[in-house]
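Dropping the structures in below, format is structure tokens.
Next, two complexes with subunit A in common: one pairs it with subunit B, the other with subunit C.
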Partner chain A sequence: MDTMLEATGIGKRYEDFTLRDVSLGVRRGAITGVFGPNGAGKSTLIKVLACQVPAGAGTVRVFGLPCAGRDAAIRNRIGYVPQEPVFYMDKTVQWNTRFAAAYFAEWDGGEFYRLLDRFKVNPLKAVKHLSGGQKKLLALAMALSHRPDLLILDEPAAGLDVLHRRALLDRLRAFVADGDRAVVVASHITDGLDEIAEDVSFLHEGRVILHDDRDDLLSRWKWILYAEGARDPTVEDGLTDVRRQPYGNRGLTADFPAIRESIAPALASGDVRVENASLEDILIALVKEA
Partner chain B sequence: MDPILRRSSFYYMTTFVIFNGILGRFLGRDPWPAFEAIPLLMPVYLMSAVLFSEAGESYAFLRTLPVRDGRIVGTKFALIGLSTTLYWIGMMTIALGRMDEGVSSPSTLVYVTIVCAGGLLLASGLQLAIWSFGRAKVVGPAVVIGGLNLVLVIVHTASLRRTPDWPVFAHTWPIDWMGRMPWLSVPALTALAAIAAVWLMRVGVRVKEHSEAAL
Partner chain C sequence: MFIALSPSHPDPMYKQVTDQIKDAIASGALEPNERLPSVRELAEALDVSAITIKRAYLDLETEGYILTRAGLGSFVAEVDRDELKRRKLDEVRAELTRLVRSSAKFGITAEDVARLARDLERH
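So, the complex of A and B:
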């Protein structure tokens, strides 16, 4: 596996929050999603991965280089969009752009202004007068315009309308399409970014509770639906997040291939049905278990 | 020109022009107490410049750019050092020019150098404190220090005129003693201040790299 970013045993302690022993790898050509509930530590982890703040423990290597001491060189190749975009707020978009462009080794001004045009961000406006979503889009345009090899985005879809959210997803897919670049994105699952993440990390209370390939994950986690009256008592074995409902029960299995044979007769008789689980379902089940 | 330097230098230059535009003429025109009082305002001037420059600073934005912390720290300290040097050169030039009138003396040169060195170190400390604790937490104490500095200037100036035997700082014994050899003491004091400022700058790089308070 060609790894662009490798975090090993990351720890970070704040007064009211601790990130513990987080390890994570980001493959070249892949979109890695870091998902979790509020306060799980996504933003802290993203800041550490983007060499924005030093890790309290463990190591982060980006492009094979350690963050410590090489952070400026690494940031030249990273496009980073923080949860709350930061600029010189009193200055115009154009002023901020010129300021930033002076420091990057490469800067594609044509691409930047095309993106601003597409995102409907006025370059002559003071940043403080942009909406939250526009600030996000401006940060994204800046992050893309210095031709980074790795995009690290924290809640990039927050505050975006559906059209811009769709444009963002398309843009991220296109970014990794040539297989040479990668994306790490932290998000609440509900914003559609789970659709495009190929590798998935679930974070809860400062720990990674699961890191896996998305397709493998979804092939293993399934909803098992069964009628109350015709229930085979063995069907419920190993199910989590069981929900008893008047029109039939459902439970989540974390290992569908393992139970496929045992429930085959019930499946054939129609007493049991199988439905795909979403990443949101899996995250909820894991958080409940944790 | 480096964008960080260009942006910050605007605030330093503005403060320099306003401050010296108002006060500089007193040095060139007024009798000797002006050389006692006006140099004492130097720490207030420099701390104002630091606070003014830091008010709109966006270190979190800079952190997203490929800029080393050492470069940021170096730029900020260079501005503090340059402002101090300009202020010091201005006062020294006027003091030298008015020596024939008896308004200033060799010990005035030492006094001006000591006050400028104090201002330099105070402003450097303020800059470090901003990186360590964040501007919001530092503004209050900095305003109090600046206020005390102003009170000192006012009380000192008023007492020089009204109270007999009130001590003249420029003629306290260590300054008078150093004033006997200004060609030695002024460069020595300047070198000591520069060494201390460079040491603070190095501390500043470590503080800036590890602190998240200003982000």
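So, the complex of A and C:
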């Protein structure tokens, strides 16, 4: 497998908490989503992955190169959008852009203004007059315009309305469509990034509690709904988050393929039904367990 | 009675409730004159609004599956079993059509499907 970014055993004391032993790989051609509750450590991890702050322990290798040193070879190939992008607020978008363009080895001005147009950001406005969402999109346009191979984004969808969020998701999908590049994005599941992430990492209290292919994950985790009368110990075995109600119980299984055969007769008779779980369901179950 | 609602199902919630109550009546899980749970009780148990259940009960009443008596609640009506069977057959026909058409793409004939169905009944 072709890995663009490899983090191994990352530890980091930062502000008021600690990242512990975080390992994850970012596949070329994929969007990797880092999800977790507030305060799980997403922003700290993103800064370490983007080589913005050094890891306290462990190593980060980007394009096979160690992060240490923050050299131009890495900087030019990473498009980074922090949670709170920094601009000269009193200056116009255009003025800020000249400043950013000079910082990178390459700059595609045509692409930049196409993106501003698509994101409906007026280049002549002072940055302080842009909305929070527009500032995010401006930072994204800058990150995309120096032709990076890897995009690293911290909550890019926060504060965006539905139309701009759709534009963001479409742009990220297009970014990885040719299979040569990759995206790492920290986000809340409710922001819609989970719909486009091929790989997902769940972060909780500074640890990765799950890192997996999204489709594999969703094919293993299912809601099992079953009639009270048909309560079969083999159905209920191994279910978590069981809710009993007078007109049918439900519980979450983390390994549907393993129980598929044993519940087949009850499925056929209609006493048991299977329903897809969402990433949110899975995250909540794992956080409860942890 | 087993009612399982799915937010991802293409049918709206009230329709899922009416369909599953119809199934329970057809299968005998709910018998004629049996009292249905109150709107509020069912809404709470299924985690949906009372409006959703009210709408489902109203549709069931319009279609003659249940009777609602003021102050007493809703009860399963005396339904014509042949009529239930006819309605179910329409559903089965629709599903079979889909099945036979998708099978045909793989060279599986309607006769093959029928043979499979007969095998199922034997087991």
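Basically, the second predicted complex is superposed on the first by the 285 of 290 C-alpha atoms of A that agree within 3 Å, B and C clash if a C-alpha of one lies under 4 Å from a C-alpha of the other, contacts with A are read in each partner's own complex, and residues count from 1 in each chain.
Keep this in mind: a contact is a pair of C-beta atoms (placed from the backbone, for glycine too) under 8 Å apart; a residue touches a chain by one contact, two chains touch by 3 or more.
Just so we're clear, the structure is a prediction, and the values are computed from it rather than from any experiment.
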First, second, both or neither for A:P246, with subunit B first and subunit C second: second
Which of subunit B and subunit C A:A174 touches, first, second, both or neither: neither
Which superposed partner A:L163 touches (first subunit B, second subunit C, both, neither): neither
First, second, both or neither for A:N76, with subunit B first and subunit C second: first
First, second, both or neither for A:Y103, with subunit B first and subunit C second: first
Subunit B versus subunit C, judged by how many residues of subunit A each one touches: B
Contacts of A:A227 with subunit B and subunit C, given as first, second, both or neither: second
Which superposed partner A:L124 touches (first subunit B, second subunit C, both, neither): neither
Those residues of subunit A which subunit B touches in one complex and subunit C touches in the other: none
Residues of subunit A touching subunit C in the complex: 225-230, 245-248, 250, 270-271, 273, 275-276
Touch list for subunit C against partner subunit A, complex: 1-4, 6, 8, 23, 37, 42, 45-46
List of subunit A residues in touch with subunit B within their complex: 52-54, 71-73, 75-76, 80, 82, 86-90, 96, 98-100, 102-105
In the complex with subunit A, residue positions of subunit B that touch it: 2-3, 7, 56, 58, 60-61, 63-68, 209-210, 212, 215
